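Some structures are shown below for you to check.
One chain, chain A, appears in both complexes that follow, with chain B as partner in the first and chain C in the second.
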Partner chain A sequence: MKRFLSVLTALAMLTVSMAGCGGSTASSSSSEAAGSSSAAVVDSGKRLSDTDVAIDFWHHMEGTSAVALENTVNNFNETVGKEYGIVVTPSFQGTNTAEKLKTLAQAEDWGNFPDVCQVASAGIPVIAGYDLLVKPEDMYAAGENIIVPREDILDNAARTFTYMDELCALPFSNSAILLYYNKDLFQQAGIETPPATIAEMVDAINKLTVKNGDEVETYGLEVQVKRYQLLNFLGGMGEYNFLGDNEGGRTGLMTKTTIGEDGSLMKFLDEWEKVIATGGYKAVEDNINEEFAMGMTAMAIMSSARIAKVDELTGGALNYGTAALPTVSADDKGGVAVGGSGVVIFNKGDELRQTAAWIFQQYLAGEDAQYTFCTGSGYIPINRKLYESERMQTFLAENEPMQAAATSMQNSNPNVQEPFDMVTGEIDTIIDTEMQNFAQGQDKQTTHDNIVNQINSKLAEYVEVNS
Partner chain B sequence: MGKKFGKLEPYLYLTPALIYFTIFSFYPFIKTVLSSFFVLDANGVVKGFAGLDNYVKVLTDPLFIQSIFNTLLYVVLASPVAIIIALILALVANQKTRTSSIYETIFSLTMAMSMSVTAMIFKIMYNPNIGIINKLLQTKINWLNDSKYAMLSLSAISVWMNIGFNFLFLLAAIRGVPNELLESCLIDGATGFQRVRRVILPLISPTVFFLICNSLAKNVIMSGLPIILTQGGPKGSTTTMIYYMYKNAFNNMNYNYAYASAIITFLLTLVLMLISFSFEKKGVHYS
Partner chain C sequence: MTAKTKKKLLSFLFQLLAIAVGLLLIFPILYAISLSFMKAPEILTRDIKLLPDSIQWENYRKALQITTLGRYMINSVILAGVSSFIRVILASLSAFAFAFFEFKGKNFLFMLCMSTMMIPGDVVLVTNYKTVASLGLTDTYLGMMAVFLLSVLNIFMMRQYYLTFSKEIYEASRIDGCSNLRFYSRILLPLSKPVIATVYISSFVSIWNTYLWPMLVTNDDKLRTVQVGITMLNSADGSTIYGPIMAAAVMVLVPTVFVFVIFQKQIVGGMLSGSVKG
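Right after this comes the complex of A and B.
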């Protein structure tokens, strides 16, 4: 009996372990079952099939943005989804969905790819290499099931997701870098309008900084200059500035940075040196949202995606405004790069699911979805028609910080974009370290040369094994 | 049949664990070792044989050399302190009283906190302007953004997080020390310090040894705190070896550096573990 029990126990353990190994198969089966379980509700000529088509949507939204996204997806399932017989199931996949896709691609596990996925723009060149990717460029060319015309999407937002002259994703959750300023502190310092150039910002810092002996009580400006901040300052110089060869990596692999040879980096450092010299510039961001919300800094440079956070921290009590990022020179016209994420779709061999994904992808870039999502999250709409609608105009009129964000993005040149520089993390570290050193007294030429040479060295390493 | 089964039985019990280890440890380890000798592109596709080139490149990268020192500094700052504090707390909590369960729970509570939540709480506490630490110490130190203090700040978080785990093990070990031994020490006139040094510590040395090994292994491969709080900065001062590997693999898609640095980290951990095991022969008493 004892032996029998031993055998039984061992076999049970073995069975459990084998079942564990087969987990992915079970989950995919249940997913398929779920896909076919929803019965058709609305009789419509637009239905894709007799039974509902279920598709997966991976996203990386958290907090209030996740709630806004869930509402947007629910709206789709209740309206357009019912019309076409499509059911979308959203699932949070961490903050870096491109990384998850890459893991699946390396394992050649194409079956576990989602139908629809939200990705940051930096991930586009890698995703463009997946055979499964269905490019909106091709879908628009085919002309079938168009619910949001391409012309409705703002040009610069579309270009953010364009690689090798092909639109690879549709923009969805987008933002722009802004100058946040404390209106009360501006009033106390006698400043009427936010600075439009770095030179004007230097004057403002001098007036806004409050010192007690050697100790700064209120900083005029807080911003840690990393890749995101620097590319926006440099990208908007002149008409526009690509920052790297091959249009900043959009028409081919970016093999070098051009910010050294075109003089744009030195021009920026010339101006930034004056910011540092004010003594009222906080070069390190500790808790930038909180510090700005508490009035410890009079100006801060942050993404428009932080508007909701600042409002949440202050309960709407802080009297602040936002303005376009100050330019390096008064005659710079480029504006800023569109930040944020877009949505890609994949063809996993099922035409119905691909069509459903295409309809949902367009819906997310459409008027209704952009209104629901952006008003709930603080992201900037990318649908041209939405800006013409009364509801959006009313919303922007009542939300001044959002108004500046939307204007800033709409006024920017489509060629001002984040470069597809492939070693983004390394470049971010290089710029951060060198700009910190610059703020602590490193000379301008050394800062310039270190940034240019180190970026080029990292790009060369990447090109060596990937070209 | 019975004899045959008797021979097979132990292997049958081992099979589930072996399957898991093979899939999740042995296979990835062997693949990492082999891949470290090849050139791979951003998609992980082999482009050619590299020999020792990847190792040479990593070992001549100043940031990786810095990361080795950072990792060792972190281990030295975090491992012993967490064990010593936990030992003191366990000695204090040794006597069973009516309120024991309350402070035992409080002391061990830190192990129930997730790293990300703890990191975010400490981030606010470390803030130079609005953080409570500078307020209490009456200082203006930029704990996380000054390269002199950043690693110290991270190791302090690690110490706080590990105290609970170490405390539980040490408390159980101390309560396992026979009372008659401690009473005879008292009769012989031993002081409290002498009782701890001559009786308690030798008897709980297997537990201390386990905690040292556990802590070394855990701290050498630490990457969570830099990922959440400092991104390896300022100026690379919190870039640990595994953070270096993580950044190369997932941010830069440079698997050549990532694989080589992973193997070097493994070797360093192995050396540290061997050193610990040499301590076992001299300082650990199992009887």
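Right after this comes the complex of A and C.
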């Protein structure tokens, strides 16, 4: 028993000491920060202070994208960071940083907010409501410490992070939806070019699908139509198409969807019905990357961010190409919405840290960071000047699938955007469920009405509670 | 067929079924181990491939290189080990009171404790965070442990075990002048090893597998746990590296399997104890 009690005591002491260790970690970083803020402004050069200014950077990158991000941050610390006396510490905060920020905001724990945070574009309206947010719109207006001019950022990428006509974040890790196609299977089927419209895609599916009796051995197309896919099909219709009122929630709260009243949803369903009728369409994504990489599907519709994944899975052995997302009708010109994440900065009451955060935020949207990160991860650069540079042109020439991604993003109308629909998760579930039912035989009108009515119902609930 | 032969045959069939179910349950783990030794092209084939062509440790090296998995394992061991230890102490003390003491409102208090099991953890997430943050415990091990230090289920398990304990021994020791604390520490705890092992191991495994709370309450990468480490290897949009993920999963599994194998006999004993009130 004595031994038991001594072990117990030892473990209790360990607990206390470990708690102490953790505490000291936090306090040391805050004291470091305090040190930086109290330091005098620099005498010479670009340094912000005579001691380094330490800032935190929260991100949600995983896998090889996280490695590319770490390299980008290290490059900053070694170059621009050294020049300005800024040290950035990146830390992974789960797959949804906006949710973590929301929890901190609900708990009014503003002190634990980071200096810089990577957030998905859907989180922008909520983050725009935080008093701590420092908008690039205001920073550019102030005109201080500009290292990446606003004009360098692609218009549609900037608009992705614009809410109520104010730029709230700078784009960083961005992507566009693409059609991936297996060149060998296309050649075998005698198809020369990837389909440009859904009607052409229907013809291609018919030629590409391989059946053994009733069993499909190779599907012509795989895509699970959820919110992300539908908004891209509908958003690019005509010159551009807002999917909800108030420009899809960008100039005010989105209170209803307009895809029913403007006829765009029905027009899409008319075409999609023909895709389903081919019998070579796989409506459920089990492992879309792997299935495409293994030649089990001839075409797949997915984000350009997956190019690196397909390459890694096949070791570069798959002969595939990418093309712009097929349009609903031949005269659609809008293009696709910019997906992905941007970077926001917060003012925690320390001017030096805010300035450091602003410089780092711009760096991430700049030529060097975009080149390092995008070539290492598969995301598409959003910096206009980078596309003019020789290194980027060489990279694109050597990486054919990335060309369509870059072209698709650059050619898209800035008004084609993901809506700020506030109940994103619920809308995603509604569209997913109804499109699955449609693929399994539910009639077109019911699918249409269910999608429109259910989305409007969820939006009305949100408006009632939050407006 | 004689009754004896029939019984033997039934026993044989039952054992065969048990082995089949056992293999079915352990298959994903064995397959994960096998995948962790495969090269990327071996993993992604249309044909079924259960075993690697050769044993190679590259995936393990990559897993340790991409994330600081070693550090994360230390964090998880501290979090799960210490929290479970404190859980055992608090649960055994509470159970001792509920099982041996007689006081007004005892049953009401016990039912009140039990009723908290019906509150989902997600509901109190923000409130718990607010409490921990206001105590200045974010980015500390103590903050990570705070919500794991007490489990009503563990109190219930230990109380049920103590109810099987002879009241006469307690009364006799009281008559001999033994204090409650002395009885608890010298007599009750040493005789409760099976249930202590059960509570400790079940608690260790559940805390070891926790993701959300440690992620929420810490901001520093150095304080991440193994579950976060595995997530960091995965990516929905970026490249998923199956080999290193499986290697990391196998490494993460080792401590829990190790602890489980050592204490499994006591766990079974602990689970059964208290099931029949004597």
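By our rule, the second predicted complex is superposed on the first by the 423 of 467 C-alpha atoms of A that agree within 3 Å, B and C clash if a C-alpha of one lies under 4 Å from a C-alpha of the other, contacts with A are read in each partner's own complex, and residues count from 1 in each chain.
The rule is short, and it goes like this: contacts are C-beta pairs under 8 Å (C-beta built on N, C-alpha and C of every residue); 3 or more make two chains touch, one makes a residue touch a chain.
Given the structure is predicted, the values throughout are model-derived calculations rather than measurements.
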Touching partner for A:Asp432 - first (chain B), second (chain C), both, neither: first
Partner chain in contact with A:Glu215 - chain B first, chain C second, else both or neither: first
Which superposed partner A:Asp138 touches (first chain B, second chain C, both, neither): neither
First, second, both or neither for A:Gly129, with chain B first and chain C second: first
First (chain B), second (chain C), both or neither touched by A:Ser377: second
Which of chain B and chain C A:Thr424 touches, first, second, both or neither: first
Which of chain B and chain C A:Glu78 touches, first, second, both or neither: neither
Touching partner for A:Gln106 - first (chain B), second (chain C), both, neither: both
First, second, both or neither for A:Glu151, with chain B first and chain C second: neither
Between chain B and chain C, more extensive residue contact with chain A: C
Chain B and chain C contact sites that coincide on chain A, given as residue numbers: 11, 14, 18, 21, 106, 290, 294, 296
Chain B residues touching chain A - in the complex, by the definition given at the top: 2, 5, 9, 12-13, 15-16, 19-20, 23, 39-44, 47, 123-124, 126-130, 140, 142, 144-145, 231-236, 247, 250-254, 256
Residues of chain A that touch chain B when the two form their complex: 3, 6-7, 10-11, 13-14, 16-18, 20-21, 96, 99, 102, 105-106, 126, 129, 215, 284, 286-287, 290-291, 294, 296, 422-426, 429, 432-433, 436-437, 458, 461-462, 465-466
Interfacial residue positions of chain A with respect to chain C in the complex: 1, 4-5, 8, 11-12, 14-15, 18-19, 21-23, 25-26, 29, 56, 58, 61-67, 89-95, 100, 103-104, 106-109, 112, 114, 175, 289-290, 293-296, 303, 305-306, 308-309, 311-315, 377-378
Contacting residues of chain C [partner chain A, same complex]: 40-41, 44-46, 66, 78, 81-82, 85-86, 89, 125-126, 129-130, 133, 136-145, 185-186, 189-190, 215-216, 219-224, 228, 231-241
